[in-house]
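In what comes next, subunit A is part of two complexes: it sits with subunit B in the first one and with subunit C in the second one.
And then the complex of A and B:
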């Protein structure tokens, strides 16, 4: 009998309570117990960029800027996991990936936070995202001008098209040979995944109703890549991938960032951005290892997603900026946009067993690209679903009102459940917003209050989608269909980009209008959200921002304010 | 009382414990869960008794197998400070909301029936839970916590999540269970890997029983 090499693997650390990225090394996410060398920077010598958050925005930007030769320290409030050894196949255990610090929710439609719109880990919520990697419809970047609603982005879709390609290559997105909607795009780097039973039902429904469908472009491997194996279809994607097939920031951008000389600080909660008398920012105050510390920086990038980003800007208020940083427009925290996430569920006589494979293997973007027959602005996609038992049981309980014997009996039909769920566009409203509550969290920082109400347009879109999806399910002979109408997903807005300092928080380069060395780079900058999952667009914007920062540094327009070191190399 | 596990006869997700679908981390997590004793750490005895009674109504269990210790699972979650991370204004955080809600429910029970909730017959317990579900309980003890929110977002949610976090419940619904690193191979409609639960068809369970005995 072979002896297990238990002694060879360091089980020394608890990533939830003790920082791992210290002493010149960071966890090797590809090897149990492994480490990689990591450069470290002194706190009292300014780095070029202190980046707050390591998810789709901050992780991507840290990588790109480090590769361009800038000195980078990126902070994350969450742990630094090695998925191969730290992730269980278990819904309860994996709630450790979510941001569950205290928050208040109110409004007519209070948001449910936690699982499907937050992350507290190095890699942010990409560690447990559903991997759906969609490009925006080009017209959405000019939705005010071309479609008559929302706000125009200052970005040009043709430029974004190239950055989308860069991200798709970086994550080795698996996708169909030809994508049915929008302008031509290059071939996806990896082949599409096979359909599971739930995806097959979506496809049949679309064909019955005469609309197109496709295999969903996904950020999970369909062929080997480096030390990562292809997806094994275990189906725990949204609770964290324990095989590294998922191309999260944790296993893509961040290893590249470290290799290029960036430092990652885990379990490091940034509580305040310091502003100098000159009006420029000079670093960040952060809590790590039981103490408040200060990192000097020539530039600060806030990339904490649409709740923590405005919260940090508001919590950093000074006498000079009493309403918070970058907030002369008064828009920091406003125009929060979730996406509608309603579903129609039913029962098939077939065994569906939707727990196998990524939850959304098939998609239709028909109603993102078709404008006829709508009584609302915006669009939605809908995808096949694969809820695991806890999520499904709570859906039956909270959305269908089942408990007692009815719940237990309905759960026995779990393997026959089929469902379609939208990612729907919700319109920006200033009244949907993040403000500060009076209560404080475990760091002594004022907690966010998240206020959310649907507008009439949001409700019309949801209504349209539910009617359509019900027809799609009935077309595949689903019985006992019912509607789940209370869910939302994703969070964007709260620091929108624009071309006018009075009506936006950052410019096209994600640079704040008010403070030239303060940047925001995450989903907060979205002026509108479209009916597509936002992660690919967040990463594309981060890639563009890095290119713009490099170009500005070369032009000297960042040196003008004496805020950036000469670029090395 | 419903019958237990008829749909997937003799399927036991724990038969895969030592197989390629369970990794070390999963075994560690589930072993810890299975070792939880049916007694309170966070709740007082009286609170715990009430949670046991509520859990019996929200997720009734068959009497022919050892029960999943739902109340203890909820108790341990609260004791470990595992929280949702969001709440309505004026509503306390998870563990305190539980305490407040239980107190209010018992106050309602004794006002209406002169007894603690746990001592009521099942029919009256269900009646009270339905009243909570529909927002009809308004005793002063609720404070700013609406009984409807407590029912849906705290009490019922935690109980349902606790039960379906247990391997006994996974076997009951024929779920594949933990699946790393092996995952699955046969994905399409009506396809099943040999390490998945077989369902009874048309009332004939011999084939399913045979297949489920071989799951590893």
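And then the complex of A and C:
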């Protein structure tokens, strides 16, 4: 019977509709048509951890926990792609990497969802992320106490510094020989990539304005690594790397997880977490192969990113937890934080060809580390840009209203376009939130409503950055500069960590205050976002969480701690 | 199929020339190497004229090996740079000329310096100096100046030194050759020791170049450590031999030079493997030869090792050389 199924899968190899990780094997992402052995678990025997999501949080945690000897099943609603075969140099085709299910957005500044801030694939949005791998500024972990805004993290930056190192080594980050900001860090395992024309423009602008810049630490290889080739500077990074140079969760943590005995279930949408009468969770209901199924588990980890994580917790409400799971604080879904992603664009007389190579090869974190001269809280970094042609045409249309002949004329200048774009800190506000709408999606699950409005501080930060970047572009003789003032990236918050059960959803170990065998491990746990791309921090937190879980298990206190915290609750 | 353009033809000719030269250098190099294996005391009674000519020919061979490496390397790298500056053709022409001159010298048994060879070698040395200036200028003008980024990806600062060394060794060769009946001297210095010092310094410089570029590759393969560990030891042995007046035969130094020669040639294989590890491997050769490790670069070590061997041989024949 098993043989027949293997044959059936080989015949209809459509990753978007037929699961690939079945029958004891998963795709080998490094070999066209290849497979790796994968352990499989029975649904009616509880695994140690059912992990919902396989991106920066879930993928990393699945790997680390499997390597520590726990039995793991990790679910992802998206397909299990083979980058060498499934990824085209075609922006439209590659929208298959995005989470484009129905959602409702509202608020004064509704978020644009469904592209750079979402991912629906094994590996999550790391499959198409821009690979920017930054550490947080240490003070951000205590931003309330030290900088006077936001909320303090329960984590200590010195501990995080070690976990950052672990992730940088695991992803063979290519970075500068010395990093110009923050406390010392170990040398990046691989050297920085060569700068492209857009990055050189950023560098010249910074030098003209007297601030530091550096090569961006990137999760793409500058030298061979095992079966993965070094980057060929194809430039399609944010639509999926077809050479495996990008060190996404799909080609790093997930293969390690499978080798260590984890099972990955692709095209498996988790719709509800089951809660026992005791108040503990006992497994997850998930939709796969056209049917709802149930996987028993001793612990459940939610790692669905800042929209799907609260949605699942809210959709799992029971009579005992009528407001959703882990929500005694009422904060599940609240304090959603995007990051501002405004840009200044211009034209250089000489060709830039900004689309060559990774899009953000140079960066300045000056305004993350400099507190003087600001009329706002928080910080921002800005990076060189390399928009692909379709995105660029869309930007010209949506931000400048160009169409017809004017759009064609503007596109003729594509090779001369130069731009700078921020990743800016937005402050946590309870009114920015994810709630459930009454409409349901294709699985019959209530869809999320995402409400977002900028606060005055957000606007001041954006304003500051746009003025500064305009000066930076004009300093390199860019002409026709214009501002793209409405864009956001990255989603965090909605299940913040903290040291008080009344003001946070999870504790420092990413364990929910209310249900001791329910964990949340992704960008949702961020109390603040900083002005740096979050992926490295998410992965560092996942590594730490895995270590803490192992430590708790070694003490034999997983269950005992459960009871203790239950009593406290 | 698209016909190859002018530039492609030049590069293909460069690569072909490199291959031919490598083969001829190697076949010539293997014979005397076997003969010199006998660990005899200095053969003072041997005809000093024949000895100096043989040493001179060995030096021609070393200079030719370096020139061949420069020809192929600068062909590939300057092709990659689209010969943006017309001056980028210079090292191709000069190294080709130097290689031809060296082949001529290797075949020439006469104990006289050759004016055309002398001139060519001096031009080669001058090209190395001017080239270094060009490369310094290229790195310095890039945004960030002399930063790691520009040292990694700008014009390689050490590369033009190879043609300078080739010219110097060739020049030395002519001085040794014409000194048939007297003690070979170069600028008043004992020739054997001077050449040993030049080769030793060359090894150190080439180590610097390999170290920089292998650091750029993050030493991802442990074998990348070999060319930054073995040559400095060889350089130390050569330099100590240059300063040693005890008349010893320096068999450790000679063995080390043979090791470096082997390493330089094995490096071609390692770099060919490195090319295969880029996307598409050798099937995508036209791209990967440019983006992978430079295949013609490692024989520079072999060329310098040959020069070191020649110098040590000369010192054995003429303890006061």
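Criterion: the second predicted complex is superposed on the first by the 548 of 569 C-alpha atoms of A that agree within 3 Å, B and C clash if a C-alpha of one lies under 4 Å from a C-alpha of the other, contacts with A are read in each partner's own complex, and residues count from 1 in each chain.
In the analysis below, a contact is a pair of C-beta atoms (placed from the backbone, for glycine too) under 8 Å apart; a residue touches a chain by one contact, two chains touch by 3 or more.
Every value quoted in this text rests on a predicted model; they were computed, and no experiment measured them.
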item: Subunit A as common anchor, with subunit B and subunit C clashing or fitting; value: fit
item: Arrangement angle, subunit B at one end, subunit C at the other, subunit A at the vertex (C-alpha, nearest 10°); value: 90
item: First (subunit B), second (subunit C), both or neither touched by A:177; value: second
item: Which of subunit B and subunit C A:398 touches, first, second, both or neither; value: first
item: First (subunit B), second (subunit C), both or neither touched by A:225; value: second
item: Touching partner for A:112 - first (subunit B), second (subunit C), both, neither; value: first
item: Contacts of A:191 with subunit B and subunit C, given as first, second, both or neither; value: second
item: Touching partner for A:140 - first (subunit B), second (subunit C), both, neither; value: neither
item: First (subunit B), second (subunit C), both or neither touched by A:163; value: neither
item: Comparing the two partners subunit B and subunit C, which touches a greater set of residues in subunit A; value: B
item: Touching partner for A:452 - first (subunit B), second (subunit C), both, neither; value: neither
item: First (subunit B), second (subunit C), both or neither touched by A:86; value: first
item: Minimum Cα separation, subunit C to subunit B, after superposition on A (Å); value: 6
item: Shared subunit A surface residues [contacts with subunit B and with subunit C]; value: 194-195, 200, 232, 243
item: Subunit C - residues contacting subunit A, complex; value: 142-144, 148-149, 152-153, 215-218, 220-221, 274, 277-279, 287, 291
item: Complex contacts: residues of subunit B adjacent to subunit A; value: 1-2, 7, 21-26, 28-30, 33, 57-60, 77, 82-89, 93, 126, 129, 133, 152-153, 156-157, 160-161, 163-165, 169-170, 172-185, 187-192, 196-197, 199
item: Subunit B-touching residues of subunit A, taken from the complex the two chains share; value: 85-93, 95, 98-106, 110-114, 118, 194-197, 200-201, 231-236, 242-243, 348, 350-353, 355-357, 388-390, 392-394, 397-398, 401, 403-405, 407-409, 411-412, 414-415, 449-450
item: Subunit C contact footprint on subunit A (complex, rising order); value: 176-177, 189-192, 194-195, 200, 203-204, 207, 215, 222-225, 229-230, 232, 243, 245
